[in-house]
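Heads up, there are several structures right after this.
Shared chain: chain A. Partners: chain B in the first complex, chain C in the second.
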Partner chain A sequence: MSTIEKSTEPAEAPTVPPAPNRLRDVTRQLLATRRVLVGIGILALLAVLAFVGPLVSGWEVGQRDFGALLEEPSADHWMGTNRTGQDIFTQSTAGLQKSLLIGLLVALLSTGVAALVGAFAGYFGGVTDKALMWVADLALVLPSFVILAILSKHFVGQGGWLVLVILLAAFSWMVTSKMVRGLTISLREREYIHAARFMGVPPHRIILRHILPNMSSLLIADATIMVSAAVIGETALSYFGLGVQSPDISLGVVIAAGSSFATTAPWMFAFPTVLLVLMVLAVNMIGDGLRDALDPMSTSRRS
Partner chain B sequence: MSTNTVATAEAASAEPAEEAPVLEVTDLAVTFPGLNGNPDVHAVRGVSYAVRRGEVLGIVGESGSGKSVSSMAAMGLLPDHARITGSVRLHGEEILGLDDRAMARRRGRVISMVFQDPLSGLTPVYTVGDQLAEAVLIHAPRMSGAAARARAVELLDLVGIPNAEQRYRSFPHEFSGGMRQRVMIAMAMANNPDVIICDEPTTALDVTIQAQILDLLRTARRETGAAIVMITHDLGVVAGFVDRVLVMYAGRPVETGTVDDVYYRSRMPYTMGLLGAVPRMDLADQSALVPIQGTPPSLSDLPPGCPFAPRCPIAQPECELTEPALLAIGDQPSGAEIRAGDAEGAGAGTAGTPGAADTTQRVACVRSGEITDQGWTAQDIYPVPDIPASPLAEVPREERPEVLRVSDLVKHHPLTRGAVFKRRVGTVYAVDGIDFDIREGETLALVGESGCGKSSTLMEIMGLEAPQRGSVSVMGRDTATLGRSDRFALRRDMQVVFQDPMSSLDPRMTVFDILAEPLRTHGRPAAEVTRRVYELIDLVGLNTEHATRFPAQFSGGQRQRVGIARALALEPRLLVLDEPVSALDVSIQAGVVNLLQELQARLGLAYLFVAHDLSVVRHIADRVAVMYLGRIVEIGDTASLYARPAHPYTQALLSAIPLPDPEKERARTHIVLRGDLPSPADPPSGCRFRTRCHKFPTLSAPDQERCTTVEPRVAATNGGDQAAACHFAERRTGV
Partner chain C sequence: MGKFLARRLLNYVVLVFLATSFAYLLAATNLYPRGYFEQMQPPPTPEAVNAQLDALNLNDQTPLAQRYTTWLGGVLQGDFGRTIQGGDVTDQMWMKAGVTLRLITVATLLGSAIGIAVGAYAAVRQYRRFDKAATGVSFFVLSVPTVVIALVVQVLAVAINDGLGFQLLRYSGEYSAGFDGAWWELLGNRIHHAILPTFVLAVALFAAFARYQRNMMLDVLNADFVRTAMAKGLTRRRALLRHALRTALIPTITYFTFTFGALVSGATFTEKIYGWHGMGAWLIDSIFRQDVHVVAAVSWFMAVTIMAASFLSDILYAWLDPRVRV
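Right after this comes the complex of A and B.
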């Protein structure tokens, strides 16, 4: 053929090369980024710490050492104790367990719901759009804190934190879903969406394959912000005694308890806060790397 | 300032050597420093030209050739971080390096500019009249407001805005694109400048409007006697309009001379290729277009030798050594001299600067002398592909199966008002009853200006839903009767290629996934998908290693090839092409057009080719349907329709297209249509074209009455395939 722009002579090889695998490429790209590796490393360390910490500290969760009230860090109490003699290290690491789960799960759930609701509303328009956005508006105007407070009281007990995750997610997807809807409406008229429609790709597949990946930077940014927002939201509830209830404990509870002693007994406040900051930092690093790996136009990808 | 038009016109033609040039650009070079460790971009590398009063210089080049940047540099409009060297003299006074305030005094008064995009050229919050008056006042602060307004109205009238007095108070959004461009030209003329730089003034406009604007620029030159620098990528636009041409490539002029020399005796392989790549509307059967291989070089990483050498079919080893200077034919150093490292060859760039009065043809090619001696043409030096004849060509049209039939198709959009209780306040008659059919292996082109309903027609057909009225049958099956699974199966037979190669491919998917998508959707096994994808990549002339790349890593032409490959994946029988080449540069366009023709012949495809470019249509289509305001006004086989168009609109459309042939272009008389396309929400009664028709005013009163009341139906005009919707259809010589 002579109309070609570049010679195809070398391409005449008899064997057909294998199909490239996008998932593998993205994974390789992710693992090749130092930021992502550091992020994953920190997150893994935190997880290990959360589950191993309470076991090795020598103190039970909630156990009080009446001989050491409001003590500074020492060999017995690595990170000191609080007013009631509870070991800060044990409390924080045990709290980290719940906070990690709550933060990551709420972020995934809320961003996922936001993406799906927004994309379906924007893509289909009409009645679907009206109905979904009506639900979103309703969720926005409801006094979420009061509802959370009432419902979380109702679900106290074992597994209560899971209900809390769902409730936190249920009240945090609306604003993002509206952004996703707006972006979808502009993406819907792109020619590649038309092309997919005209080749017979069903709408849900178009949304999952073309629309959501093309706004992945927004979704990733939203999810990383949601992680810290969920931990802090849970803290706010816990502060009023409404979030995670004892005997469960969360990082938020520990930080809330320590915040009033931030100046007089800084160890009570510093350690759990450092854990929270590390966690958010790690999630951000992974999110950043993921965004770059998924975006073929990002500068770091270009060699 | 003299506005004596006769004197200036004479001065320009009779005694060119006498007058000093108004604008003289010497050795202009513009470099944009690279940010974040990126290499510098050498956008312009040594441009020299000079224009005298009343003279028109055309600067031609493809996108990225530096033509716009060089004129922006002359206007002092480049950002501060650009490094500009060389000299720009206005009336002999150096203006390069003047501060913004000093430049502002000259801009508009001595040198003015018309930009490409009339949409963003005017401030939306002021009336056009006030903006014009401001342009007048700014250089004449002592003028009274009333006088400035009077001058503004006079200017609006001059550029052909009807009811100038009333339209003075219109806001830019109330004007169409063509009218806004008129206002921009009025603004450029406002202070009788000596130089008007027009940067692609007609690229964003429809052909009939383009013809009006070109006419207007001729008027502007006559009225102000200004020198015009016309920057364009369209070789047709400049052919009949300019005196001299400067062809640019990769930031450098590669050929310059009088328009006749450059068009008829081009000596630079690039110019030759460019001219050969243009589809010609005036030639009945033009052989395959001349494609220029490859893409223009990156301006941040230029090869040491001639920048065109990697794409040049007659490049020699010497071409790669040093960049040839712009010299008169025969003055180029020989190959031996270059190999010997002759310093003169490398340093001759400045020596080759054309003087003010210099109109000799100059070429930057070491083989220009040879090309002259041998009398080579583009066909001689470029390998032109052989497009195989389709086996279907033997079969008469009537005996071939029908792949698409559209009858009485209607698409109306309601215009509603109110947020809660929507009420219908009108209807946009986007498509209003059109009929056509396409048979196997043939190409039907749907042409018309923007807003005529071409794209709506296409979307209706591709949707495969029951239309509002009328019927669409694909492969003999009526879309109204299709079930869900039938519709899905039918999509295999009909695929689409879009206009914009940037937005038609998902930027997040690799080429492999893009091509695999239709196959996977239609449930092909994985092994077959892989095999077929590589087959397609090869079919459209890409390389196997391109499979893992993303669309952003390709040039426009390559992306369009990916789009074509995707459309071909399911082996369709009908390909719908929505302006597939209009976003591409001429040299790239030729390659894609050739590919489409070759694929059609090899695979027996039928094309529905939607386009506004009548030259491409003539080259590729077997039949043409001309649309105007949602209706087909004329339909017929390409040869008879172009040779003898019957509908006045077709005649005007064909006449409005400039030919890339200076002599023919100068000899032609254009039918220039009045006004703009009426709103499709409120089409005129009777014949929809009558408000712009050039024939309507010449008719007698009862005949005019018929045009205003009775809507003409499409009726055969030559006993054959050609048919037109005009009461007074009369076939006349076309191009």
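Right after this comes the complex of A and C.
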């Protein structure tokens, strides 16, 4: 009995250096980059503001205070009110919440699609590659702005902003997917991929288990940049009334409402604009820092 | 080489055709021209509305396939149909295209020239004060949406005008309505109106180009051929300008053509905010007017410019960089 038991126990392992823990390495590198830290700090503050702000301001989103129309910032209305007596602080923070959500969702979706399309095209090559890259080319040529604007009437109503998210994502995956494809083609010939293939691992498993994790750093950095691109796109569309539709509210909507009062009632314009710029700046700082920290080719590039 | 380009060109033509058809079909199914006529005061009879829609090939009671073939037949002969007010789309399109192209040509040339100069110099002075300042500024500008830049500049212009008591900066329209004078006064008036929108577009481009050029230049600066040039006895300035900058400009030139193509739609916001009647502003107005043919025509124009730009950058790249020649 005892001998059998002994044999199943793992043999005394020779001392090997601990396996490199990629996650820990990356985290350490990131924490050493000041830009990333500052960005994460600002973004965390903004996120708190976005989710707590509308709750503590004392006013409901869209609620009208007819006793205070177009009023300057005061104790009652921290950032003033607009022409119909809506509280700018509440509107802006609620808008920030939606803009953040839109940015994150679009980045998640489009990076996911880009990774899958690029990896499948690069791994299989041949007809699959041609077909997928042709679709990407077509999506690049389609005037995305025109299409989003035409379809803007579908953004109305409950959950309408999700349609906007899907469409924004549908027009932002192409460039990343081409990059992923290029990397996949170079990874495809590595020994460990060959080994996996000869062991009979099915292609979709190889792609998901071996290829994509190997470019995760690139994908993360790219997703971060995508967040800011999506937020900027959403703001621009909303500014012309072609993006997020009421009763939903986003930063673009608040800024658009404030822009015509920018000289007479600057608080209507300044507060949401500052929030927007801060958010995009923070996201870009994180993305830029991530790219530097994770890409060995680009070290010592920036101060 | 010629075969390669011909295949590329054919591919582009197919893509433009598909993109335009897609835009037309989407616009025809989602916009509602009937509503435009029904809203008129006094309300026209349903027969009159139908007659109007039929005349414009916009009637939603006609099968979509039939409307599409009629429209396509016209497009193949260079006729993009009529606007919802009855005007000729093709004529108006070239007028609007002129406005947009004027605006973005000056802006891209200005923005890219300054951006390239700043970026290249920043790379030479890596980690010095100039580099840090330039990198910081371009990073900040890239984080501000163009809409916000355009609005803030406009607000500042209003404030400056108010402070001075006269109109130093014009921020609305292409020229003063009813302005009359000799041709140089008219030209001066137009330039006066163009300053701010051009500035807004150029600022955003400056940031992108400065960043791009800095990276390209850094790649080249430590290359062997630059060291060889200096070892041959060239001055540092000459080696940097003649050898390093020239090489680093190759990718930037292709980036330039690409930016130019993308800016046709990218200038939409600036045009709209500054009251310029270019392509982008036309597009937004026509979507609110339910004008299917204009939307399709603008999509065609945007697709063609993007394709032309990337075709041009293919050619330029092959011409400038001997390594890609096949």
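As a convention for this text, the second predicted complex is superposed on the first by the 187 of 303 C-alpha atoms of A that agree within 3 Å, B and C clash if a C-alpha of one lies under 4 Å from a C-alpha of the other, contacts with A are read in each partner's own complex, and residues count from 1 in each chain.
The working rule: a residue touches a chain if its C-beta (ideal position, glycine included) is under 8 Å from a C-beta of that chain, and two chains touch if they have at least 3 such contacts.
Every value quoted in this text rests on a predicted model; they were computed, and no experiment measured them.
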{"item": "Which of chain B and chain C A:Met199 touches, first, second, both or neither", "value": "first"}
{"item": "Touching partner for A:Ala149 - first (chain B), second (chain C), both, neither", "value": "second"}
{"item": "Partner chain(s) touched by A:Glu72 [first = chain B, second = chain C, both, neither]", "value": "neither"}
{"item": "Chain B versus chain C as contact partner of A:Glu60, first or second or both or neither", "value": "neither"}
{"item": "Chain B versus chain C as contact partner of A:His210, first or second or both or neither", "value": "first"}
{"item": "Contact set on chain A toward chain C in their complex", "value": "137-138, 140-143, 145-147, 149-153, 228, 232, 235-236, 239-240, 242, 252, 255, 259, 262-263, 269, 273, 276-277, 280-281, 284, 288, 301-303"}
{"item": "Partner chain B, residues of chain A touching it in the complex", "value": "1-6, 8, 10-13, 16-20, 22, 25, 190-192, 194-196, 198-201, 205, 209-210, 213-214, 216, 294-297, 299"}
{"item": "Interfacial residue positions of chain B with respect to chain A in the complex", "value": "36, 291, 293-295, 383, 385-386, 459, 462, 487-488, 491-492, 494-496, 498-500, 503-510, 512-513, 516-518, 521-522, 526, 529-531, 533-534, 537-538, 541-544, 547-548, 550, 552-553, 557-558, 561, 563, 566, 570, 591, 594-595, 598"}
{"item": "Partner chain A, residues of chain C touching it in the complex", "value": "11, 15-16, 18-19, 22-23, 26-27, 30-31, 127, 131-132, 135, 139-140, 142-148, 151-152, 154-155, 158-159, 162, 215, 218, 265, 268-269, 272, 283-284, 287, 295, 298-299, 302-303, 306-307"}
